[in-house]
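So, here come the structures, one by one.
Presented sequentially are two complexes of subunit A, the first with subunit B as partner and the second with subunit C.
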Partner chain A sequence: MSTDPEKPTEQESDVTRREFLGTAGAALVVAAAVPGVAVEGQTARPAGTPSRPRTQIRLTVNGAQRRLEVDDHWTLAEMLRDHLRLTGTKLGCERGECGACTVILDGKTVYSCSYLAVWADGKSVTTVEGLAKNGALDPLQQAFVVHDAPQCGFCTSGQLMSAKALLSANPAPTVAEVHAALAGNLCRCSNYSRIAEAVVAAGAAGATRRTSGGGQ
Partner chain B sequence: MAVIRDMMPVFELFQPASIDEALNLLDAHQGDVWVLGGGMDSFDWLKDRTKRVSTVVDLSQVGELRGIKEANGGLEIGAMTTLTEVVHHPAVQAKFRILAEAAEVVASPQIRNQATLGGNVSQDTRCWYYRSGWSCYRAGGNICYADTPTAINREHAILQQDRCVAVSPSDTAPALVALDAEFVIRSKGGERVVKAEDYFLGPQIDITHMTVLRPGELLTAIRIPATWANAQFYWEKVRDRNVWDFPLVNVASAMKLSGTTISDVRIAVGAVAARPLRLTAVEAATKGKPRTEETASAAGELAIQGATPLRYNAYKIPLMRNLVKRAIRGNAQATT
Partner chain C sequence: MQDNPRRIATSSVSPMKAIGQPTPRIDAADRVSGRATYTRDVYLDGMLYAQVLRSPHPHARIRSIDLSRAKALPGVKAIVTHENCNYVWGAGSIAGGVQYNDDLKKITKQRRYAFNNPVRYVGEPVAAVAAVDRHVAEEAVRLITVDYEVLPFVLDQEEALKPDAPKLWPEGNISLTARNEAAPTVSKRGDVEQGFREADHVFEERYSTAMCHNAQMEPRSVVAHWEGDKLTVYTPTGGIANCHHDIARDLGIPDEKVRVICHYMGGNFGNKNQNQDTDLITAILAKEAGAPVKLEFSRKDDFIGMHGRWPTVQYYKVGVKNDGSLTAIQLRTVSNMGPYRKNNGGVAGIELYECPHTESTLFPMYTNRTTSANYRGPNDPQGYYPIQSLMDDVAYAVKMDPVDFILKNMVKDGPRTRFTNYTLDECIRKGAELFEWKKRWKPVAGSGDGPIKRGAGVAFMSFRSGVGNSSAVLTVDARGQYTLYVGVTDVGPGAKTTMNIIAADELGVPLSQVKVVWGDTDTCPYSVGESGSRTTIMTGEAVVTAARDLKKQIAEKGLPTGTGLLKASASPNPRVEGKTRNCFGAHFVEVEVDTELGGVRFLKYVAVHESGRIMNPLTATSQIKGGVGMGIGMALHEDLIYDRRTGIPLVTGYYFDRIPTHLDVPDVDVTFIEADDGYGPYGAKSVGESGMIQTPAVISNAIYNAIGKRIKDLPITRARILGALA
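After this line comes the complex of A and B, so read on.
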């Protein structure tokens, strides 16, 4: 929870891969959508933009409190990716059928592609960007690296969020418990056994740290 | 022209804080309003532009629609209670385990965290011809694309087909029918309570609606009477994958035994018709009989009388027969 609430998660001035691709590949500037978000009560709607119903929400994103004005029809994924630039949350199917967009909302996993941004009002959202602390990977992420859990990597952030929610509720799960908890996350590379291995290892390592009194 | 299928179009969102406020909104916008529960059915329609709505009444802020109350030995479950909450509720687990079992195999963990019990029973059919926006009977047109010589209809109906061959996709619905649940429906005009089996409509009654809900009405709660508390339950769902998939066939039974004799029984089957079917003929034929392999086999045969396959779904007939057989025979003797 060390993140400065006033500091954007990514440097706004940096040219992201997304913007670069947008400007390089087509005349459209993808980042043009970003000023549409008014942070801390600003109304940054450009003149001439058709009126869209908007709602002001307060939420915690990866430990930082945010106040945002969001379009009523935005999904949480849309808000996170397109307007907060938290593109670690991936969109696969857009239909709640793949799990790539999984985030943790007040301790429970949801598909951010199928959840309204306005519903996050008053809630706490954790995305994959919220796992690492002070530049150090979360032990769960480290276990994914050690156990080669990601192959192409597209499903990884979603898998991590389901695994993180599981470990919070059940710190040392069995393989069967991991498979059940991660059942809502597809891996097209079909690397399920390595993913489960990594989560079990992270749980076991956490248990060791706890009994030895060290670590988190 | 390409159709946008990711972002939803603009709509006007109302977030009432009470049932009365919600009903006032429905009344004010009658006929042109979309009621939003957990969103797991709604968002697909909106993203696909298959249904176009200008006004959405979102029930997420109506606290009185959430939660499970124990009353008179039974339960009253708010329509906006999530499936995860249903699965883990101690009284559901202790007395009406069949409902927990049914809710637990819906879709995936993330969906169960968000999807509601009211939405699970009120969701629209998953026939992909219909959901793709084809102008079929159910969409107000004059053809069923799932019942043509070249149609792909592996998941479709084997019973009570009437022009439309779409099926009820709900897992909790057959369990609620087997528990003699009652559905509480409110409108500005008052409240009506319908039996679970009467909540659902087949195409012969209304080809464009799956439930008896009329414009201006809300499903507010589901009541489970004490009648079948701690009965002998059987639940089974057969699907292609163990996650996400809707049932190919599911079955729920609640039974009371006196010794080895079936003294009373309820049995319902889902995904074989447009509505979950309570098998009253099977109930009548098995009541008073010993709970044996023979009784179960006869029940299975009786259940499929009148079943008619489409091109690709003939497998559903023996599947339904076997599931009914198991649901009567019970877990004790089940071998596979």
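After this line comes the complex of A and C, so read on.
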């Protein structure tokens, strides 16, 4: 299918690209390890796009350091989806009502639709693509699979990120604690009890691993 | 909390291998890792972005549109309006509101175009712009100037019936039937007047239900792309086959020149088993611009530009004898269809009861509101709530326990209706037992001390599970690897996992030995589409038929060699002759109502369903739980209200729509009574819609039991509860 995160759609002007590559050399090495994402031109804008104020930011995306030039008005979600092609982060309302775009920024959840990309300068962002490690699903993702937490799946990334942040703060939450912590993540399939089941199970399994000395 | 549903097998059900095992979705890893590709995740080289300009008026004639400033904006590549995008959107307005087909397109008088003049609701598309990015497109939309002649409007369906109401169409405000007649739809049995004469008591009541938006999490978006004269459309649709044919028909091009792709869809919930105006608009923009175009809806676009459940006003008159038996039911329904007839506008409910004399009259009315359409159980929850609330009142009035009243009067397997199998009584008895009905229900509604009052309610369901035509193609290669091609899109219930389970069981191989190919009209055969809770039944039956054929071929010829394939195609079109095939269910709920603050809390929710044999108890249970959750939103929260003075919709997002959250939905205790009536794949029946249908009714009855006041309008808000108690 032609929908994979393909090569950047258009070239930037030569000047911009040279400047960009000159400053982004160090990040290039790291980011090139991320399959399917080429660093140069990843924030490129199509030819004919009106010039808008841009700012260079440094941030860590799913563990990889990035140096990026971004339009000042881009939201974090827009940068992640349209320009880094991390499309696991979904946009359900773009006004902070639904939580589908939830990401973890420096350990706290934010709605990436309501957070500017430039504000992420110097911070570390984790998206749903950053949960699996070395191709293995995170135990939380695995619990979502086993407990049928995604129905249509559109809210799932946001639910996972809120749940991940919850488990970091409260490793073995109760059902009520999960519902309270995830109240900002809507699910129109109303699969809330399945989602809570999955998070509680992931927490309980994590507690067992810790007690038995096994790490993950 | 239960991990699995409680399952009670009737004698007709013999164990199978994969069927009946709780099976995680085969695509679950993609869904939890961000790899699942939804329409808006599609990026094509040189792709433009589109935005829609919408009418700010509920009813207006467009005198002229000035595009000069928008066209002058750098980066704008194409603009379409009613002047240069003059395509009929066939499925957008259908005489009679029945399933759309080629013949209906010819006779439908009240045609809906991709862009209409006059515009008939706030939010109706007026123009669309494609530009190099979404910000330029947004700016261009703001630079378009439209000169409107504002016309009088009507929002309320009963107002629209009045002779002096503003007219939306020359033929008047009653939506035309499939024969283009402007008359209400009447169906009757017996003679209701005779029934009322025979009654000891006659009850009359008015109920109303509100518009609820599908509000699926994925806002509508489309990517359209021409390669020469071949159009590819990525679009969220529950039925790629129907959407495909609709697009070709509307654009006047051959079917084979259109390809529709939908691999993942962020929720369906109704009226998406066809094309949408957005598909046409994006295709024409892409043609004009000579580049791929992605149209993106905002949440507000989706709320005001799509569709929701039709609001209704229902007038019931019911006759009953002293012994609690029904003598007559009469119903007059006025449904609010918005300005176009997409679906029928009817309400279910009367068929649930054994009654000799019934009469139902439906007025599907045009108004200047967002279009109404099918939404999970199109006619059902808004039909079940009034009649089951009223029958609950009747039960109290004749001093009967509501469960006994239902058992006495509910539809039976008998001369009037012959069912393929019948378990409604079992669902109700089992539910009452699991719920401990006698312990939780109060014989005197509203009794008890203190501001927090508890109450229990019951409601039931008998819902179509028809069989019908769908297709599947199955191949096997030299290594014994099977590939199943099905035109499903897997909108959430887990269709492709179900198809995989059915194929694996019939072939006698592990799930992993069958690869499922789905969601693309260039590779998949016709499928009935994921609507009407019928994919498992109809496409599942096609999978069984194809698998049996392929097994026979293998037995005769052996496995192919080299790169050869054996292939079986099936398009069965089974029928249930002379019988009715329904699924059944009963819900019981205990609520706590705060009589000082008006809040409702759920203490226990029991759902017992007979949906034939359950293919995958894991996903089937999720459907019931989720259906109840949606039903709670409809029962207590959701109402797309309008400003009466301006005709502007006030609920244009989740915040004011108040769809249920993690804090609103209780865990539901789900039981499946399993049966095999000999139809469908191994006896499978409908699941998807069945969880939602009786939820508003059961909550209404529990609230009545708690506070002793009947709320006769949905949603049952805090304000309405406090108003009833004041």
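Convention: the second predicted complex is superposed on the first by the 167 of 216 C-alpha atoms of A that agree within 3 Å, B and C clash if a C-alpha of one lies under 4 Å from a C-alpha of the other, contacts with A are read in each partner's own complex, and residues count from 1 in each chain.
The working rule: a contact is a pair of C-beta atoms (placed from the backbone, for glycine too) under 8 Å apart; a residue touches a chain by one contact, two chains touch by 3 or more.
All of these numbers come straight from a predicted model, not from anything done at the bench.
Enquirer: Would you check which partner chain A:95 touches, where first means subunit B only, second means subunit C only, and both and neither mean what they say?
Expert: both
Enquirer: Looking at subunit A, does subunit C or subunit B touch more of its residues?
Expert: Of the two chains, more subunit A residues are contacted by C.
Enquirer: In the overlay, answer first, second, both or neither for which of subunit B and subunit C A:210 touches.
Expert: neither
Enquirer: First (subunit B), second (subunit C), both or neither: which does A:116 touch?
Expert: First partner only.
Enquirer: Please work out whether A:53 is in contact with subunit B alone, subunit C alone, both, or neither, and reply first, second, both or neither.
Expert: Once the two structures are laid over each other on A, A:53 reaches subunit B alone.
Enquirer: Using the touch definition from the top, say if A:183 reaches subunit B (first), subunit C (second), both or neither.
Expert: The answer is both, since A:183 touches subunit B and subunit C.
Enquirer: On subunit A, which stretch or stretches are contacted by subunit B in one complex as well as by subunit C in the other?
Expert: In the superposed arrangement, which is not itself an observed complex, subunit A uses residues 52, 73, 91, 94-95, 97, 180, 183 for both subunit B and subunit C.
Enquirer: For subunit A, which residues count as touching subunit C in their complex?
Expert: Those residues of subunit A that touch subunit C are 1-3, 5-6, 9-10, 45-50, 52, 73, 81-82, 85-95, 97-98, 100, 127-129, 131-132, 137, 141, 144-157, 160, 175, 178-180, 182-183, 185-197.
Enquirer: Please output the residues of subunit A touching subunit B within their complex, sorted ascending.
Expert: Those in contact with subunit B are residues 52-53, 55, 71-75, 78, 91, 94-97, 99, 102, 108-111, 114-116, 118-119, 162, 180-181, 183-184.
Enquirer: Which residues of subunit B touch subunit A in their complex?
Expert: Contacts found on subunit B: 5-13, 15, 39-40, 43-44, 46-47, 56, 58, 60, 84, 107-111, 113-114, 242-244.
Enquirer: Residues of subunit C touching subunit A in their complex?
Expert: 1, 3, 24-25, 28-29, 31-38, 40-47, 74-75, 132-133, 135-136, 214-219, 234, 261, 263-269, 298-299, 491-494, 618-619, 621-623, 625-630, 632-633, 653-655, 659-663, 665-668
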